[in-house]
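In what comes next, subunit A is part of two complexes: it sits with subunit B in the first one and with subunit C in the second one.
Let's look at the complex of A and B:
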């Protein structure tokens, strides 16, 4: 029983790397999302002021939800973060849901979740420096300079916890689903459907929401109140 | 989990150089995806919704303005109507006063004119009467002269005298008739 991400070793010039199943699945997820975006862009000219189609309703609902979600968590001034978090949300959600179609979710690979957490980590500290300037680093010496190492560890723990939470949850679901499929056929008739709803749909939505919400909260924490 | 492509190996978690390379790949993929989604989907849809929101807000503000304008016009017209009613009452009152004044004047003038006409008529009647009297006097003188002439020319018997007087009277009646 193999629950890992398959790969093909690739060598281009002197540079060798693994072309993993995760990267391939990521491209599939990206392709689906990009096609959806292109369809929306084409259909946008036909969007009516009062939404008439279910498609327009759906697109407007998700975009407006994300916009108000970002505004609620980060404030009106930083609403532009919606551009980033919309992509992150859509990518994680579709990656998690891809398990329903038999793909290995890209989020079941630490490389994906670490990349996501790394962007959050960069944004956290970028916003800290951007809003507080040089004073940002003084915060690491508070309440007493002696706690500097602990403060640094706490900051480094953020991306680690973010990435491993998502990775662990989705990988755990994938492993359990893989094990279920090894059971006798009579069990496979009903049980996987229910478990897919839980692990792929429910946990998929929940983990996406948790990742995005925590990222916004961590970045928002670094923005002083006067902003 | 079954893999859909030929592989030479698989892994769940490796903390090595390959992980860093794959993180790099995923970072690139993520950035490209977010940029494309932002450019093609999020921004245009948000722009569309914002412009619609602004348009609706504009329409609402416009409607409120129009409502305010309509209300002020209504107030203005109500005030004008009230003014017009007052003005009408004032005009009617003034017209009544003027009419009453004119009425008194006209009646006075009419009375004066009537009195004048009456006086003129009276005067004319008196003049006519005087004229008639003068004429009669002249005719009497003429008749007397004629009678005197007949007396002188003829010695008259009583019968002749009576006949003569009757003739004169007849002649006098003819003269009067002729006049």
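Let's look at the complex of A and C:
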């Protein structure tokens, strides 16, 4: 479901498959993230107890703000989710911003966003069973047992709405940008710059934020109060 | 057989009309997000020190209100770029 993207046919052994733009751009995003992580890890050896360099301050600010973001949404006990959500946040944000460099954002493909939403779906129900035990299954019979089918449907709608929200926003933005780039040269001088700020930077950052925050809220919902 | 309109063209035209009609779904999120933003501004005016919390709550609510509009957008995009109806036209 990557509308209007090109692909390269590849043949390895007896198998032939299509290498889409989404796959290649995802590799680029992954490579950038891995290189960044390795660079930060190497520099980590020089870090001191009290930050001295601006770089250390920067890294600590990012990690601490992400940790406190998770803490504020899910509680102190689940601070360890910061590790996971930081990765998701960095991946989605870099994917959305890659539109600025002329890439087709990997998040403009339903496959990428559906995969991300499915990980959230698994996390929601795993954490529900892990923390609430029997109470998790009882939650489906509330407020009255009659509503069981509706509860199941609303659970299944969660990953659909999560993935479609990100996918629709980014794909809509990239289609509008594609239409703008077909206009005469005079229009292309200034208009795309302003639209890139809105569609790639603002909407990209907002949707990343929303995706991560909604994931946290959904997971936190399944965790009982007293846990 | 002679058709008044080419069946393929007819399906394509109707799909374009359908895509346009699907975007009427944009009205709901517009009203909803405007309402959320208005209430958010009201809340900040009343309690300026809670600006951060109000902001993130408002963005969350606005994003949830946006979902129905995005469904409409996805249907319009499917009709325009990955039309499932054209394949069903008899040759």
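Assorted remarks:
We take it that the second predicted complex is superposed on the first by the 206 of 227 C-alpha atoms of A that agree within 3 Å, B and C clash if a C-alpha of one lies under 4 Å from a C-alpha of the other, contacts with A are read in each partner's own complex, and residues count from 1 in each chain.
The working rule: a contact is a pair of C-beta atoms (placed from the backbone, for glycine too) under 8 Å apart; a residue touches a chain by one contact, two chains touch by 3 or more.
None of the values given here were measured: they were computed from a predicted structure.
Placing subunit B and subunit C on a common subunit A by superposition gives a fit, with no clash between them. Contacts of A:81 after superposition: neither subunit B nor subunit C is touched. In the superposition on chain A, contact of A:33 is made with subunit B only, not with subunit C. Within the superposed three-chain model, A:18 lies in touch with subunit B and out of touch with subunit C [touch as defined at top]. Touch criterion not met for A:199: it reaches neither subunit B nor subunit C. Of the two partner chains placed by the overlay, only subunit C lies in contact with A:213; subunit B stays clear of it. In the superposition on chain A, A:171 contacts both subunit B and subunit C.
Judged by the number of subunit A residues each one touches, B leads among subunit B and subunit C. Taking every C-alpha atom of subunit B against every C-alpha atom of subunit C, the smallest gap after superposition is 7 Å. Touched by subunit B in one complex and by subunit C in the other are residues 3-4, 171 of subunit A.
The part of subunit A that touches subunit B in the complex is made up of residues 2-9, 17-18, 20-24, 26-27, 30, 33-34, 36-38, 40-41, 44, 47, 49, 59-60, 63-64, 66-67, 82-84, 86-88, 90-91, 102, 104, 106, 109-112, 114-116, 118-119, 171, 174, 178. The touching residues of subunit A, counted against subunit C in their complex, run 1, 3-4, 161, 164-165, 167-169, 171-172, 175, 206-207, 209-210, 213-214, 217. For subunit C in complex with subunit A, the residues that touch the partner chain are 56, 59-60, 63-64, 66-67, 70-71, 73-74, 77, 81-82. Across the interface of their complex, subunit A is touched by residues 1-13, 18-19, 21-27, 29-30, 32-38, 40-46, 48-49, 52, 55 of subunit B.
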